[in-house]
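Below: one structure in structure tokens.
Order of writing sets the chain letters: A, B, C and D. Residues in each chain are counted from 1.
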Amino acid sequence: MSKPDRSLRLKRRIYEIVFEADTPAGKLFDVVLIWSIILSVILVIVESVHEYSIEFQPLFTAGEWLFTVLFLLEYICRIYVVRKKTAYIFSFFGIIDLLSVLPTMVSLLIPGAQYLMVIRILRLLRVFRVFKLAGYIAEAEVLRKALIASSRKILVFLSTIAVLVVVIGAIMYVIEGPAHGFRDIPTSIYWAVVTLTTVGYGDISPQTGVGMFFASIVMVMGYAIIAVPTGIMTVELSNLDRKRSKPTTQVCHNCMREGHDYDAVFCKYCGGRINQD
Amino acid sequence: MSKPDRSLRLKRRIYEIVFEADTPAGKLFDVVLIWSIILSVILVIVESVHEYSIEFQPLFTAGEWLFTVLFLLEYICRIYVVRKKTAYIFSFFGIIDLLSVLPTMVSLLIPGAQYLMVIRILRLLRVFRVFKLAGYIAEAEVLRKALIASSRKILVFLSTIAVLVVVIGAIMYVIEGPAHGFRDIPTSIYWAVVTLTTVGYGDISPQTGVGMFFASIVMVMGYAIIAVPTGIMTVELSNLDRKRSKPTTQVCHNCMREGHDYDAVFCKYCGGRINQD
Amino acid sequence: MSKPDRSLRLKRRIYEIVFEADTPAGKLFDVVLIWSIILSVILVIVESVHEYSIEFQPLFTAGEWLFTVLFLLEYICRIYVVRKKTAYIFSFFGIIDLLSVLPTMVSLLIPGAQYLMVIRILRLLRVFRVFKLAGYIAEAEVLRKALIASSRKILVFLSTIAVLVVVIGAIMYVIEGPAHGFRDIPTSIYWAVVTLTTVGYGDISPQTGVGMFFASIVMVMGYAIIAVPTGIMTVELSNLDRKRSKPTTQVCHNCMREGHDYDAVFCKYCGGRINQD
Amino acid sequence: MSKPDRSLRLKRRIYEIVFEADTPAGKLFDVVLIWSIILSVILVIVESVHEYSIEFQPLFTAGEWLFTVLFLLEYICRIYVVRKKTAYIFSFFGIIDLLSVLPTMVSLLIPGAQYLMVIRILRLLRVFRVFKLAGYIAEAEVLRKALIASSRKILVFLSTIAVLVVVIGAIMYVIEGPAHGFRDIPTSIYWAVVTLTTVGYGDISPQTGVGMFFASIVMVMGYAIIAVPTGIMTVELSNLDRKRSKPTTQVCHNCMREGHDYDAVFCKYCGGRINQD
């Protein structure tokens, strides 16, 4: 066996372990990976708590670097074995994999950056793939499709909200002014978002009668506007649901077109009989 | 009549009283039980109010132990008469029945635990069974079915929220930091939940411009995301509703057309009698 | 013309003016009434503002009593001319009419009670009747029907919320306790309502880690639970909408039953031909 | 070429540039306009921030007047070239165009009025027209139609909210009174809006037991009421959606059955050609 051939076999073997979950080794790798991710995220969360941070600092730093080196090795491994390298690097998981190791390094320059490591949690989305939780992926797919199908309506909705919030913020700034907590227009816009979305922190709130009246209108608007994305989403989900309950995968053997109803006997495009089992 | 036979008859009689509500004795037992539950819950709630607590302490303690002993006797009684003892003990109501008597005893060791006695209120769900409020049970059933039917979609939704909240919390911790109330990542995650669900206590809120901007995005996200569970629930309820009222698949033997209502006796197209089983 | 006959004619004339809006006098009466209601409500609202209250006290008292006497006269008038007196007195508008005059009198005994006079604003609902805003009444009717049709589901939903809120309140009281603002169980239940409905005042909020974690779960629950009444309402409104868009008022001439589809030619109950125009 | 003729050609040429976006000059004008709008809005927002405001005051004033003069010239230009002058002046965009230049002038009399200039952002809605974002306009149209179709239901809903809020406000004022922050009835009405819409600032919140109990009821009401506009909007959007995609009413001449899709050429039941106009 020649040397390049051996290297190729090794590459394929690593590929199977790292990217697939069908072999026992691949499965083991994925399970270890998932636990590493969860542990490293918990580590970061616990580290941020002041009392623990002081007491166990060396332990945390060690753990951080351990997981970072592990994930870095894994990242290099993935790049090494994958064929379409750039395709992987710029794919969703490729970017997440990179972002998972960067914060620890950046934290050498900017202290505190290591907390961004929790972005690693997004790598858990792989769990769906590993354990073949097909049903759940299907459900996630339905939600994703509904979001995409209604993305244009949602974009129009969000632009309207954005414009609205700027106008409301400016008007409120003129009404209440810096004396009542509406420091500047950006802060007022922030207040408008807080109010329109019915979050209502109360860190900034109108003090004058006119301000309260105007704020009331904004609140009722926010209260009623929520109906719009809900309506959009419901209609879209209902459409997807209806489509799923009558799939039309039959193809006419005559004109090769599909989209026929369940009760169709003849092709509605060319009049040819549809082959029914 | 032999002794074991008598004991069996007694057991059956107690069973009828305790578990059923068809005999006058059974009905009386259930009514007394319901009032005991309500009274004991009110007792606990009133006891927690400081002024009353000091003044009537002996009364409250007496009442607490009275109801606890009563419910304990009832619990023992239920175990005694029921045939499948373990099935009852580990059933929903079996656990609730046990939890209803534990807090008073635990309060001897851990003061304050007696307030958990309000869990007794869950026993009130029996009221539906007792008074045969069939209509209400049917409605509750519809809601329960809709929840189960969409449970997978809701689980995917909740996991997404969970991951989202961890990432948002960490980012906000890096942006604002402990100086502005974001003490550690768990606190920041708590803030993320408060904001994303549009609750908005305002006990922690962003102080810097970047924090406000990021918080605004989170709020709009939370405002829009609410559309997802609503859409899921609506589609599911609508499906259940349609199932209950959709036309049959019966076909008229005369003209071979379908789409007849459930109560149809004659075909609405040709007047021919529909073959009904 | 005899005396009782004259009295009867007077009665009928007053009835036309007070209860109907077809004659010019009746219309004028209704318009005057509406303005009186609006004015008297504004009067009460303005009176509550401290600065005005001090300055114009005699004016406010005079206005209050003027409107009260007017509405009292109107109330007596209505009782006098109406035939089914008790039916009117215990009808919705009869009770509102009475409640509109009571607060001023009660305020002689309990200062401050006069502010309840704003309940008069409910009398404005008559405005719909007066100006024959048929379209709007129809829309209000649709909303009312949807509420009634789903009232049982909503009741089950509200009972569940009520039980949930008591249990959550008690658990939170045990977790946080009076030291962190959760003074007693009623206050904790109030906090549970504030949180579950996503209102989130922030006057009471969890301080401990366990409390924050539990509160987060409650928030996500509240965030998801909102989907239930929305789903119920949407399905009900959609059903009413569908029914309205295909009314089936046709009656079979043979068996006198209705409920036939638009495309029905024969009665689905007896097979008789439906008379179609 | 005569003089009036030349003037007419000039007018038409300006019209093409200012109102249309088909010629390169017209497109360039629109792009410049959009950037001017965005820049001037950002200018106003940044100006409101105190630190910048002090440092760069002359720059801000200059920029403000520059954009105002530009937009004023454009406004005059539009009036000059448009045929139906009054129609333009009182159209939506005509009013917005005027409101875009007024604040700067008003700010000479009333300081602070210049911030209302952000209303210019509404002019950005022209961006849709300019770049022929047809898809997005169609989606916006769907949302607009749904809002109009359900406007009467929404009006009934909003009137109910308005009446409710006045009554709740007055009752709460009587319960809590000025001592607990409910200064007067208008403030109490503001609190009612804040609570019913689930915004919940917490700047005013009930202090007494009765107040908390009543507030809890209001919150649950607000929580449940949100279902109404959502239901209305969903049904309306679903109706519009169905209209866009429902099957034709075409009947096959051969077998007389219907339910064919819009794009069907042959009957899907018998294969006969469908008579298409």
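Just so it is clear, a residue touches a chain if its C-beta (ideal position, glycine included) is under 8 Å from a C-beta of that chain, and two chains touch if they have at least 3 such contacts.
Since we're looking at a predicted model, the values are computed, not measured.
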item: Farthest-lying chain, centroid of Cα atoms versus that of chain A; value: C
item: A-D or B-D - the one linked by more C-beta pairs in contact; value: A-D
item: Pair from A-C, B-C or B-D with over half of its contact pairs in common with C-D; value: B-C
item: Same-residue or different-residue interface between chain A and chain B, half as cut-off; value: different
item: Whole-Å gap separating chain A and chain C, where each centre is the average of the chain's CA atoms; value: 43
item: Whole-Å gap separating chain B and chain D, where each centre is the average of the chain's CA atoms; value: 41
item: For chain A paired with chain B, centre-to-centre distance based on mean C-alpha positions, whole Å; value: 31
item: Computed distance of Cα centres, chain D from chain A, in Å; value: 29
item: Where chain D touches two or more other chains, by residue; value: 157, 186, 189, 198-202, 226, 230, 232, 234, 238
item: Topology of the chain contact graph, where touching chains are joined (line, ring, star, complete, other); value: complete
item: List of chain B residues in touch with chain D within their complex; value: 198-202, 230, 234
item: Touching residues on chain B, where the partner in the complex is chain A; value: 152-153, 155-157, 163, 166-167, 169-171, 173-174, 177-178, 183-186, 188-189, 195, 198-202, 205, 209, 212-213, 215-216, 219-220, 222-224, 226-228, 230-232, 234-235, 238-239
item: Complex contacts: residues of chain B adjacent to chain C; value: 41, 44-45, 48-50, 112-113, 115-119, 121-122, 124-125, 135-136, 139-140, 142-143, 146, 154, 157-158, 161, 186-187, 189-190, 193-194, 196-203, 226, 229-230, 232-234, 236-238, 241, 260-261, 263-273
